[in-house]
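Here you go, one structure.
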Amino acid sequence: MTLQTTTDTLPAPSRFSVRTVLQNAGIGRALLALIIFFSVFTEHFLTPNNITNILTQITINLVLAVGMTFVILIGGIDLSVGSVMAFAAVVAGKAITLPGFGPAEAIALAVIAATLTGVLCGLINGAISAYWALPSFIITLGMLNIARGAALQVSDAQTIYSFPYAFEEFGSAMIYGVPVVFLVALVLVFMAWFVLNFTVFGRLLYGIGNNEEAVRLAGQSVRRYKIAAFTICGFTAGIAAVVYMARLNISSPIAGIGFELNAIAAVIIGGTSLSGGRGSVIGTLLGAFIIGVLANGLILIGLSDFMRQMITGVVIIFAVILDHYRAKYAAT
Amino acid sequence: MVAATQTAAQAPAHSTQFLSVERLKKYFGGVKALDGVSFFLEQGEVHALVGENGAGKSTLIKILSGVFPYDHGAISLDGQTYRPQSPHEAKERGVQVVHQEFNLLDHLSIAENISIEKLPRNRFGLLDRPELNSRARKALDAIGLTDIDVKAPVSTLGIAHRQLVEIARALQSESQILILDEPTATLTERETKRLFELVARIKADGVTVVFVSHHLDEVFEICDRVTVFRNGRTIATDLIAETTPDGIVQRMVGRQLAGEMVSGDEQKDFGGVALSVQNLRTEANPTDTGVSFDLRYGEIVGIAGLVGAGRTEILRGIFGIDPVRSGEVQRDGETARFSGPGDAIAAGIGFVTEDRKDEGLILDMPISANISLANINSVSQAGLLKFAAERRQATEAGEKLKLKYGRTADPASSLSGGNQQKVVLAKWLARDPKVLLLDEPTRGVDVGAKAEIYAILKDLARSGVALLVVSSEMPELMTLADRILVLAEHQIQGTLQRADFSEENILKLAYGQTELAGGNSQ
Amino acid sequence: MKIFKLAAAAATGLALLAGTAMADDKPKVGLIMKSLANEFFQNMMAGAEAHQEKRGDYELLAVGMQNETDFESQINAVENFITQGVDAIVVAPADSRAMVRPLKKAMEAGIVVVNFDVALDEDAKKQQGIELAFVGPDNRGGAKLAGDALGKKLGEGGKVVIIEGNPGADNANQRRMGFEDSVAEYKLDLLDSRTAHWETEEANTVFSNMLTAHPDIQGVMAANDSMAIGVVKALESAGRTDIMVVGFDNIPAVGPMIEDGRMLATVDQFGTDMAANAIDLALEVVGGGGELKGWVKTPIELVAAQ
């Protein structure tokens, strides 16, 4: 009475991505609808320059959201990414303006400083919440304050400026109208997608998000994987800091206030479940696009700041309701 | 084979058809969950619904209790159409359900849980605690739970007591029909007996009880009639007095079961001691001596005992999940210090846990991913998953365990209870364990799958694996085990050899007695 | 319980007073700042500390805040200063209404209060029946200086946009109104006005989008220099060199931009000295000078390329 296996010829990864595509279909359609709407109702939306603008504008949020996807997949949350980004930017800003280095060395130093700072903060977040089994919400809320305070302390609350010209070049470089910094973000998305779908590490992250106890009883070190997820999130905050610096050519200690919420919104709109275990980084990519297109389009259409804020809120709530129904259909 | 004829139980003209269900159908998307269900209930009867998992009993209950609407057919209750839009409406009409999964709020008190649907208020509109507690007291006393503090939080209760609290809650309101969905799955014999007395009492009050169970002896003990489900249809309704357990099983599975209950005295040769437990005391164990026993290769040792006797704790202690207070575990004669499940697994031990949903399976993940969870290294290289190898592993395990599934990429949640349990087994078998710990290996599993799981476990033992099985079902232990350790209050009260196996002996030891019927304890 | 608390507070107050009286006769000045996360106030604080060291004839107790809207801790600071028995409180209020009541209490306790940076609300003052001078720059006038510089360059009909500070913040409102005054005076064409919450990255994003919607923008008025930097970066990425930008605050980072023409002008309100000046005025009153009245305007200056 075994019904099997001749039909089961599709390789598992493509099955996985077929499901991913299905899960993302709703959000993809929503994005398409937004794009069509703004194309019809505004003059400049679908122009090469504006598309370049949108890509530039979503880059930082996308980078942060990629790391956030890892943390949310294991059922955690990281509220500190905005502050950690500012801290990393300030540390890197100090590094890049150190006297006695050539531009190439200074830039390398800055990139290393930013990512190390981010990784360190993420590691602390992960280690504390994993070892004491504490809710990451509150640990990262603490880190939000620590990193912000550290950013102000290190910078003495001053904007750091005058970076090497080459760094600025990198920040505004384009390939066929596509900002290089956005390509960096895309590479991160691809890497995250690969890790989550094709590696033992990714598999176990999904497992932990779904049923931590089952993974633990299967002999896996749940703590280690949790710490790794938060560390990745810190790393992307460091990369976001580099993008910030390259794009604006300054480091501001008050950068990134509220960015964590935008990153979380991108992840959730992208269909990743806030309780963990379900979702994909491709969804996150689409979620970041929705937020970016909305912010851009609503300005082009001439809506007031306050209306804009309200509509963004409505979209977030709508996305979560959508997710609720997705989960329900997945269950039956 | 008994022909599935229309039996005498089909609607005698004089009977009071209290609730009748006709040609009920229910679809989920394209899947037929119910495909023609017809039966009726008489007032004041105890009516059993039986069938393999996935046969449609749970769906029917959810429809009766207002969780799902139905697509075709008709239900009438007390002469009126019955189509509840919500559980609330179902309750208003007097249909109460005690679900298989508990609906209690862990951190609230027992009293609060019992009255949660209608919390009493005093004249200031505040919660009336004295009334709340006295109501709960009354409800618990009514089912004989006189020794429980109603102010204690539910989280302090064992799983069996939670079940009884659920029943107390359901019985509190005026109910015409009480549906008990596998109420004995978690109960010990004594608690089951208490439940049956309770059922007899409410039946005498004129309440109709619908009883869903995988235990046919229970069905024959307390039910008046039985309706058999198969593949979303009702096959037949019989008067209990006119049928036999064998007859019902045949209707359920549509085939004859191998007589696996033989308790022959086959002599076996066991290998060396695979696992030796010396004075093991977990945090939960209050005794000074702890627990000591040996487990040999090729041997199946059963652990019996009442709920709360410390059975699961022993397995968790051995596997390194819970901290051990004192004593030690020896693996192949050498002292083993397991700081976590990973160490135990590395030492060749596997643990099939009691709770599939919370501990055993990752329900949303593919079957293949569940099977590879404990030995993911063998289906990966340098951290990269080898999907083909993983799929092959799942397919092979599926063949070996007679797993019924669609594709290996389907989520584990798509399987029936029995097949889910097979996936948990497959997960551990994929590691070729030398020692396998099993906690309630067939809980919530239908009769057919049960027999298959027994055969698998016996094969394992024959191939030299040492098995340690905890179970609340005495027939299960008597079928499987070469020896049964009976626990009472965290100590081994006695050990039974096959020759001494009987429910009576197990129960006596479990209740702390040492005089046995057919031999001596060791 | 309450009585006990009051008594305790009074006791500590007395003890403190006695202590200071015995130590020396240097007057104590309590300085209440806004968010020290803000570069502007950070510099102002440093200026005040340098000033205290230079003068040396008073004691400085300074308190900052967590963020721009954290007026709760300002209120607590006023109460603590009353308890500590300072001679003067010099305050940059975070909320022009909420601070009036606690400051009234301080005045009733005989403390000289000087309000700087942002003026307390006139109606609220009237309601509490107090008169309190304001020492500070004219944000509206300053913004108008910058706006006028832009207006002069563009001439009548020049198309401009405004990048505002935090909606609801007093100085943000004042600066926006100053820009609007220039718009009216030079008959400029105001295409759009949006907030970027004082922040560089947001200004960069918001302005890029405004530029897409209105490619014919000729001038930008940013309510602070941090946002002006974001605008300048957006113009660089868009390859536009024909659009003129003015800012406010004269932070060091915009120095090079004004020099090489990426920014037209900014406004210096000498923030570094502002607290120090207010302290000087307060000490004059403490030392027996006449009371301050009305609005003591502090200098502002347009900064543009030579």
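To keep things simple, chains are lettered A, B and C as they appear, and every chain counts its residues starting from 1.
Note that in this section a contact is a pair of C-beta atoms (placed from the backbone, for glycine too) under 8 Å apart; a residue touches a chain by one contact, two chains touch by 3 or more.
The structure displayed is predicted, hence computed values, not measured ones.
Peer 1: Looking at which chains touch, is this a line, ring, star, complete or other?
Peer 2: line
Peer 1: State the chain with the largest centre-to-centre distance from chain B, centres being mean CA positions.
Peer 2: Between chain B and every other chain, the largest centroid distance is to C.
Peer 1: Compute the distance, rounded to whole Å, between the mean C-alpha positions of chain A and chain C.
Peer 2: Centre-to-centre distance between chain A and chain C: 35 Å.
Peer 1: When the C-alpha atoms of chain A and chain B are each averaged to a single point, how far apart are the two points in Å?
Peer 2: Roughly 43 Å separates the two chain centres.
Peer 1: Distance-wise, how many Å sit between the C-alpha centres of chain B and chain C, to the nearest whole number?
Peer 2: About 70 Å, centre to centre.
Peer 1: If a residue has to touch 2 or more other chains to count, which residues of chain A qualify?
Peer 2: Where chain A is concerned, no single residue meets two or more other chains.
Peer 1: Considering the complex alone, what residue numbers of chain A touch chain B?
Peer 2: Going through chain A, the ones touching chain B are 1-5, 7-8, 10-13, 15-16, 198-201, 203-204, 206-207, 210-211, 213-221, 277-278, 330-332.
Peer 1: Per the contact definition, I'd like the list of chain A residues that touch chain C in the complex.
Peer 2: Against chain C, the touching part of chain A is residues 42, 44-45, 47, 49-50, 53, 56-57, 60, 148, 152, 156-159, 161-162, 172, 244, 247-250, 252-257, 295-296, 299-300, 302, 305-306.
Peer 1: Quick one: which bits of chain C touch chain A in the complex? Just the residue numbers, please.
Peer 2: Residues 36-39, 42-43, 167, 192, 194-195, 197-201, 204-206, 208-210, 212-213, 215, 226, 229-230, 233, 236-238, 251-253, 256 of chain C touch chain A in their complex.
Peer 1: For chain B, which residues are in contact with chain A within the complex?
Peer 2: Residues of chain B touching chain A: 28-29, 319, 321, 340-342, 344-346, 351, 353, 358-366, 368-369, 373-374, 376-377, 380, 383-385, 387-388, 390-391, 395, 398-399, 402-409, 413, 427.
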